[in-house]
Structure formats: C-alpha cells, structure tokens
Amino acid sequence: MPMSTAVLDTVADLCRTVAALHGELTRNELVIWTAGNVSARVPGEDLMVIKPSGVSYDQLTEDTMVVTDLHGELVHGRFAPSSDTAAHAYVYRHMPEVGGVVHTHSTFATAWAARGEPIPCVLTMIADEFGGEVPVGPFAMIGDDSIGRGIVDTLRGSRSPAVLMRNHGPFTVGRDARSAVKAAVMVEDVARTVHIARQLGTPEPLRQEDIDRLHDRYQNVYGQHQER
Amino acid sequence: MPMSTAVLDTVADLCRTVAALHGELTRNELVIWTAGNVSARVPGEDLMVIKPSGVSYDQLTEDTMVVTDLHGELVHGRFAPSSDTAAHAYVYRHMPEVGGVVHTHSTFATAWAARGEPIPCVLTMIADEFGGEVPVGPFAMIGDDSIGRGIVDTLRGSRSPAVLMRNHGPFTVGRDARSAVKAAVMVEDVARTVHIARQLGTPEPLRQEDIDRLHDRYQNVYGQHQER
Amino acid sequence: MPMSTAVLDTVADLCRTVAALHGELTRNELVIWTAGNVSARVPGEDLMVIKPSGVSYDQLTEDTMVVTDLHGELVHGRFAPSSDTAAHAYVYRHMPEVGGVVHTHSTFATAWAARGEPIPCVLTMIADEFGGEVPVGPFAMIGDDSIGRGIVDTLRGSRSPAVLMRNHGPFTVGRDARSAVKAAVMVEDVARTVHIARQLGTPEPLRQEDIDRLHDRYQNVYGQHQER
Amino acid sequence: MPMSTAVLDTVADLCRTVAALHGELTRNELVIWTAGNVSARVPGEDLMVIKPSGVSYDQLTEDTMVVTDLHGELVHGRFAPSSDTAAHAYVYRHMPEVGGVVHTHSTFATAWAARGEPIPCVLTMIADEFGGEVPVGPFAMIGDDSIGRGIVDTLRGSRSPAVLMRNHGPFTVGRDARSAVKAAVMVEDVARTVHIARQLGTPEPLRQEDIDRLHDRYQNVYGQHQER
C-alpha cells in the first residue's frame, strides 16, 4: 500500500531527526564504530524509521535511514536495517506509548549490565529521570524477539525509561526519539557517577518518598514543556 | 519599576557573559544535556541573570537568558528560569560578597557528594583554590529554599568556594560568574585526581600551616589581577 | 624490479587509505604522540604500506607513507619506516589471509597486557567481534622477529583478531587495514568496559554455545557486506 | 644590555614555539584553566621564554609570552611571568643540557604524586621513554627555589625526564621545549595505564637488562632524528 503525501512528509521529517540524533550518541561518546542505533515510530502508522546496519556515524544522513514495518520488514531504504531492528519493532508493538527507542553499548551502563546489577537510586538526578533504580533485563540472544521481550517485560515493572540488558548493554525508550536519546545520555551519566561513588564506599539510597516527590516534580514541572 | 538605561546595559552585558560561560561547562565536560547552570548577580540591583530551564547548551544565547529578582520571580525573558533558581537566589540574598553561582552534576564531584565525603586537602592545588578540604552540604529537596540554605550554611564555615551537596552535586560561588565557573572546573579536577589517588592508597594531607601559606599566596599574588 | 602501473595505482590508493585510517586512531583516542601504526598489504605483491617512524599524526599524509617489502626493507618513501615494521612484516609473511595490521598502546588494552591477563568473553560484543576471550601474547623485545612470532603464534590458536602483547600493548589484524583498525577500536572498548565491570564484581562469562552462535551470526549476517 | 638582532630573532621564534606547544597541553588534556606551563631556554643566553601567569590557554599567543633571565626577573613582556618561573629558572641554571621545562597537574601523574609513589617500569613504553621508574620528588612550597631544587636533585639520580613532585604534580625536562612536552604527554599516559593495570592486579616489572636495551634502542634508533 503506497504512503499518503502526509505520511511521506512525516517519514522524511523523522529521517532527518533520527539521522541528526545519532550525532548526539557520538557527541556524548555513547557509541564507537557502528555499534548503536536510534529509531522513531511513525505516529499513527505501523512503521518505524531506524539506522541502517553497519554504516559509520559520519555517513549517516537522512538518505541512508531505513523505514520498516513493526515486524522489521524493509519498506523503504537503500540499506538493510540495523541488526537490532527486531528488538525496536517488538517494543513499538507492545508499548504503544513509546515513540522512540535507543540502543548503545555505552561503557559504564554496559559494565553494570555485564554484572547484572541495577543502578541504585542514590542521586537526585536518578530520581528525577528514572524514578528509582535502573533495572536489569535478562540475557537474550540477538536476532529474534528475545531482546524485545526482555526490554518490555522489564520496563513494564518500572518507571525507568532505561533497561540494562544483561551481558549486552542499555536500551532506552521515550515518547519520541529525542526523549529516548536523552535517557541514553542520562543512563550513562548516572552509571558512571554511581560507579565512581561506589569505588570508594557505599552511597546511601534516597528515601522512597523523596524519590517520588523528585520524580513527580521533574516529570511535571521541569523545562519549557517542549523539553520535558 | 522599569530599569534605567545603565542597568539595562549591565544586564545585556551579563546576559552575554553568562551565556558564554555555559560554554566553559561543556568544554570542561562538567554537564550533559541541560543539567547545569550559571548565574550572575546584577551589581547594585536585586536582580540576577540565569540560564533558562531545560534549554540545550548549544541553543543558549544571550537572548535566551532570563532575568529574575532575588526571590526567583521572572523580571525579563522569554523562557522560564532554571529549576535551580531558588537556590541561586537564596545565595545572593544571604552572601552579599557573591556575584556568581554555578551548579553542575560533574561526575567526580558528584561521586564524593553521593558518599557525603569531603575532598581532603592533599594537593597544593586544593590549598590554593579551596583553602582546605571541599566541604559537604546536607541532602536537600529541590524546589524551595532548602538547597540555598544548605549551601550558605556550609560555605560560611569554610574558605572553599565549592560545596558538595549530598546525593546531588556541587555548587560553587565567586565574586563574579567567571570565578564561580573557575571553581566549578577546579572542584571537578581535584575531585577526579584525589579519587584516583585514593584508589591505590591514602595520600597524606598537607599540614595546616602549608595550606594557609599556599592559600594566602594564591589569593593575593597569583595571576594578572584580572584573573585572580 | 620496477612496479607496474597497476601496482603503482594500488600502492597510491593504499597510501591514501592508510594515512586516513591513522585519523581513526586519534579520533578514538587509541594513540598519543607518535606511538601507534597502521599498515596494509599490497595485494598480490610482497609489499606493504606503513606509517613512517616518529612522525606526528597531524603530519601524516599519503606522501609521508612508506612502502617496504615483507622483510621490512625500504622500497619507496622519504622517511624511515615505523620501528614496528618487522612485526607487521612477519605477520604478513606468515598469515596470508591478513591484509592489514594495527598496533597501538591504547590505555585499557595495554593495562590488561601489563597484567598478562586475557579479556574474558562477558559481553555479546566480545562474542561478536572476537569469538571468545582476547588472548595474551608473550613478552618480546622490540626490533627483531620476536614480536611478530608472538603475534602469529597467539592468533593461530584463536578466533580473535586482537592479541595483547605482554607488558607492551595490543596488535590487531584484519582482511584489510580498515578491519584491523575496527578491531583496534573494539578491543580498547571491550577492555575498558570489562575493566570497569570487574572493578565492582565479577561478570559471568557467556556460555560457549552462545558465543559460537553470536560470532557466527555477526561474521556472516551483520552489516552491508562492504562493512562486515 | 640590549639583545642583538640574532638573539631577538631566536626569542621571537621561541615565543611562537612555546605559545604553540601550550596547545599540546590542552589537546592532550593535561591542563585545565591556567594551571600548567611550558618554557624554553634561549640557547647561549641567560634567558628563557615562559607562559604569563593566569592567562587562559586560548588567549596565549606569541605576543603574550614573557622573557625572563635565569633568576626569573622579567626582561621582556606585557604580563607577569608564570608563578612557577622560579622552578623553571632553577632547572636551567643547574642542568645545562636542559632546553625545555614543562609543568602540569595532569590527573593520573598527579595522583601518583599525591601518594608519593613512583610509577614502576612495567611497560616497554616506560623503558623506552623514561629508562626505568618515574621518580618522586619531595614536597616543596611554591614561590622560592624549593621546587627547582627538588626537581634537579631527583632527576640527577635518574634517566627519567619526568619527576612527580609530591602532593603537587609532574615536571618534565627535555633538550628543547618540544621534548619536554612529549615527556609530559607520555608521563600522563603511562601514569594512567599503570594505574588502571594496578587496579585489578600487580603487573610484573621488566627486567633491568631489558629496560636497558629498550631505552638504548629508543634513544638512539627510533624516529627520524629530528623527532628522537
């Protein structure tokens, strides 16, 4: 079925946005070589825009982006979609509130994932953004629905937009691709800070009621609305 | 009450300066996303210039800066002021010698803050800039006067221009915004160096009389006067 | 014996490629000053293109590259070849499938090399790229065939394109220079991530059958073929 | 006594060189704010060129450089000389073979200095450049000859061009300013690598005879002569 002009415009916009957001991954040193990816749901359609597989970040332009359906089948694009497409697609199928997904192997978040240890909520920034500890998802093989299922099962029991997939790395979600990228930047930052804090002692977790108040305020008051 | 032309000129200058100083936060890798802020007191007025809330660092220009009174009420600007405005305002109300305030979540300083542990004075650079250990302030909720009160109460008992707010991150002050930014850069640098030194042993603190001599010399002799 | 025009064209291409690939070493912070090098075999000839000795990375252009035979004797170029030329040449003589070799002293890989400890296969990325743990090679003096022999002996018993030469640093190989550079980037990344994971616990290694499946898939399915 | 035209030309050249070499300090992340300095001896004269005190690295041009005699007295320049001038001058007076001196507070080297622990010779790169462990100098107050004396006394008993001044940071020397900057880059690199190696075990030191052979070869064979 051909896309309407309005959908084509939306897809073109998202290709630009998603290509540009990969620049945040490199700028924040979350990825090396080709090992990370951003996708965005096409609102109202069973479609998503995602990074092509094995293409360098400095060659990622809107023209190299790939459009697939929500089972990862190629709909439009000159390249094969990211090898993590199945995981992104599974998340979009099962979490309708999610508009963007990001996967990286960022160093400190992946180190917590390698140990299978959640990041404890010992900083106001963690309460703000993650609403509690950052949870660990199961070990899952790459290539089928296992990773997607692990992400969805873990995030459903949490306020966190980030999950540390065991022996693998972080996946983050958001209401749009930019929010998911923000969560990817933040999870690496708190993973690093809490790691360093823990090297010389054990920081005390925040109290649940303080976490709740901080999280509520941050989600509802902070920012200029477009940036919440 | 409308501002005089002279005050308007001063405010415009400070907007330029404060916008530019945020570039030092990113250049020195003290902040990610929108999570840090610089403010400056408008000399002789009950006004301050501060970063808008939730705006990216690469979109911060003098035109996006916000002017508030010293209770954090918006006086001029297109955006809402930083969510840390109440803390900055409290400091200006209670420390008349302070002309600039900076807040970051820089990694190593925040790690010491997460453990609630002061940075010991084991380096000549710490004696020079901080005049002793870098102190820890109390845990305080975001949004009211608690943070400002914690900053002021802690800094009053210390020669340090930096305080590590528990489970949160560093705040620094200076006679102007540039000095406060310098202190923010320096506190992260010494937090990192002492952390690394401590990982493989326990560095010996400097003697109090050496700290006093180094601090006195640095505050009174070093630099070209405009850079003291 | 003079080179044919076709060989001269290939050599000129490789000089451009190898010069440009040194930019990846600096961009990925694998080298400082002049301490790392990339080479490429000239296909079908007993020749290789390699970095000159002791020349800064920002002065490396195609014109400064050096051509030697596979015993390290200078064939073409204005500069002396890298002091690691003998090791590169030994690898090309004994591993006909190798088209590119890289040597760095990248921080975390060199730290594992200093302890003589292989990097365990605790991440999907390690299974993908290295097919198991990253092995350690013997301590060998610089300047004769010892290093080359140590690299070849170690890599022959492994699926890994990287070897950690004891008390020295990593060497990587690939079917071309770009693949060897990719392996150099990846070995530093996993060396760093596993180091950090190990600082606060012991990550569990992947099962051999999962490693085999991941490695097979990555080597045969991932990427756009030109990037495999 | 006025300088001859030939000396003026040499001084102008050195001002350019020394200003540019400060760019290597920032590029290699050895310094923050204004906290590090490079100097060069004016060959055949009792003069040196050094960084001005408290001037930002991005404002350092040849015109801001300062010329002093070898007791640190200002001979030419619009700014006050670096507050470390006395230490540089002492080195030039007592080590006639030294043509360049560098001081930084680079993180890892300063961490070893904070513990007063020499960096053991566990890497071929340390044998190459430093000819053995990197030694620790005494704690000395800033402002008189104490630091210079500590540097000279320590370096005289060592092949190392670097000394870790206790609770302060590294000083390096070279036959010219570029060599001293190289040593400053290398000492931070090996300080970092050995620190990281030591975090998870104890790397075995090289044997003395291997250190001697590596050092001899590197000092006499490596590089294009201008870059030794």
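Some notes on this structure:
We call the chains A, B, C and D, going by the order they appear; numbering starts again at 1 in every chain.
Convention: contacts are C-beta pairs under 8 Å (C-beta built on N, C-alpha and C of every residue); 3 or more make two chains touch, one makes a residue touch a chain.
These numbers come from a predicted model, not from an experiment.
Common neighbours of chain A and chain C under the contact definition above are absent. Put simply, chain A has to spin 90° for its C-alpha atoms to lie on chain B, with the angle rounded to a multiple of 5.
Homomeric contact chain C/chain D: same residue numbering on both sides for under half of the interface positions.
Seen from the Cα centre of chain B, the chain whose own Cα centre is farthest off is C. The centroid of the Cα atoms in chain C and the matching centroid in chain D are 32 Å apart. Chain B and chain C have Cα centroids lying 45 Å from one another. Touching of two or more other chains is recorded for residues 199 of chain C. Interface note: chains touch in the pairs A-B, A-C, B-D, C-D.
Contact residues on chain A toward chain B in their complex (touch as defined above): 28, 122-125, 182, 185-186, 189, 192-194, 196-197, 199-204, 206, 210, 213-214, 217, 221-224, 227-228.
Considering their complex, residues 32-35, 52-56, 79-80, 83, 105, 107-108, 110-112, 114-117, 141-143, 167-169, 195, 198-199 of chain D touch chain B.
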